[in-house]
Amino acid sequence: MIEKNVLTDFSSSISQPEIDPSTYVHPLASVIGRVILGKNILVSPMASIRGDEGQPLFIGDDSNVQDGVVIHALETEVNGKSVEKNLYTVNEEKYAVYVGKRVSLAHQVQIHGPVVVHDDTFVGMKSLVFKSLVGNGCVIEPGCILMGVTIPDRRTIPAGSIVKTQEDADNLPEITEDYPMKDMNRGVVHVNTSLAKGYLEATGARPASEHL
Amino acid sequence: MIEKNVLTDFSSSISQPEIDPSTYVHPLASVIGRVILGKNILVSPMASIRGDEGQPLFIGDDSNVQDGVVIHALETEVNGKSVEKNLYTVNEEKYAVYVGKRVSLAHQVQIHGPVVVHDDTFVGMKSLVFKSLVGNGCVIEPGCILMGVTIPDRRTIPAGSIVKTQEDADNLPEITEDYPMKDMNRGVVHVNTSLAKGYLEATGARPASEHL
Amino acid sequence: MIEKNVLTDFSSSISQPEIDPSTYVHPLASVIGRVILGKNILVSPMASIRGDEGQPLFIGDDSNVQDGVVIHALETEVNGKSVEKNLYTVNEEKYAVYVGKRVSLAHQVQIHGPVVVHDDTFVGMKSLVFKSLVGNGCVIEPGCILMGVTIPDRRTIPAGSIVKTQEDADNLPEITEDYPMKDMNRGVVHVNTSLAKGYLEATGARPASEHL
């Protein structure tokens, strides 16, 4: 279900999600408001991407939003004025949530902006990323909580970790050749982009009328 | 989607949810059975409020039920007899779940009755409250588990805490002037009540026929 | 919503879910692809059972799939060849996910295959079971993470545990006579099979046309 957001004192404009025609949104997923979805993305059942408070929410090409994922963000505007602390700048544009290319958001993940997740990172099942920036090529194992931290590139976060201080973030282990989940994200991206293509073809191209 | 519950040996009556006309239930949220929703509540996509086992489930005015939240409760009746251990009494009425006024149930929270959450409390993302009573003005940070405890008023629970003994509950820190999330719930309530109003206006008043 | 999966290089056939007529799938739940659901199962709102990567996903008689549960699995086939490491054999058949009889998958649980959960086990709210085998009659309390382990029969896993080594799994406590949740699953199964029956009768038998 794809809908516009609504006018409030923290949102002075109404937006329709911008969704590349190669991206598949399941009918039991919800995408609302100022959301930009790139190419070849699978948005699975029960996912909610809600761009009606912090805006915009951006997902790059070949990423995936798996079952039950929630993406939302703290307010980025109050009475027409920008709330800078809740925005990240990437490539000279400002975002409430910026998810790069080939990023996997596994089942039941939550991304709560302000957040950046850079390219080729795997966010493991049930993990929460809040007020944080995650580098390129990281592997966040299942059940982690990241709050208020910056994760350097190519780090791994052990399952169930709670990372709330920058010192803890800086001490996370680097991904080494013998790390078992080193290449996993590549396979997850392949599976999800293939499924997006398959479901789009099976259901026919998303009709314009579905964009309410 | 708003539906009645069904007759079973633990539910001797069929109820239609009672929803104030100022409250907005997203079409991809589910509200079933003996549920009472007060004024100005936003029930977001993928939330499930299911009053078919423990009953009733009550949510007070100006509270919010965010994306993917689940509210359910242990049985409160067996073969027509009340199961007192699974009921809380608030203002001389019995409830399986009682959520007060201006309470935020953040994304992917679970409230599993018997539970009381008193006014002005923030239940952080992904937290679980089970068989517990939470006081006024608390801040439960993300990813907590509360089981079988009573939380005094104005306490904060650090992210990722597991609170299973009353001794641990009693030792939780009080909210102080320098606590960063001290006033956060006020803003969350403002955002969500504004969105409820906006979505109701945008979609037109909920037609009676939607109450199946 | 009940749908077929799609052809990909990890899925050489298209399957319609096989659902016993005594099983109830809520209209806001999603069941896709090579999924086998036995008798008297309640699939609650916001559950997603997606048999389009690892296949098949099997749920035995009298089990339950509660609100917001996600069931999915790692690929079991690549270019027409079986991926044995992602399959478990039960009763001489191979499965990506095998859930036995009278198993409860409580609210917001995630089962990510390869996984086996044997009969009469309770998987507590918000727990994640990934690449693991769980024995008969276990009680997984809420908020646990199991990864890459085999849990012997009749063990209990304390709330919030992270079990990632076989040594930890082997040391889990056995269920004793004085364990408070010893008989809980029996009640949960009774409640859920009763609700499945009630909702089926209330909505009429699932019409063939719902199987798209």
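Labels A, B and C are assigned to the chains in the order they are written; within every chain, residues are numbered from 1.
Criterion: a residue touches a chain if its C-beta (ideal position, glycine included) is under 8 Å from a C-beta of that chain, and two chains touch if they have at least 3 such contacts.
Everything numeric here is computed off the predicted structure, so don't read it as measured data.
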Q: Rounding to the nearest 5 degrees, give the angle of the rotation that lays the CA atoms of chain A over those of chain B.
A: 120
**Q.** Interface residue overlap between copies chain A and chain C, same or different (over half shared)
**A.** different
**Q.** Centre-to-centre distance between chain C and chain A (centres being mean Cα positions), rounded to whole Å
**A.** 27
Q: Pull out every residue in chain B that's touching 2 or more other chains.
A: 28, 46, 68, 108, 126
Q: Going by the contact rule at the top, pick out the chain A residues touching chain B in the complex.
A: 1, 4-10, 28, 30, 32, 46-48, 50, 52-53, 68, 70, 72, 75, 108, 110, 112, 126, 128, 130, 145, 147, 162, 164
Q) Along chain B, where are the residues that touch chain A in the complex? A) 26-28, 44-46, 66-68, 107-108, 125-126, 142-143, 159-160, 187, 191, 194-195, 198-199, 201-202
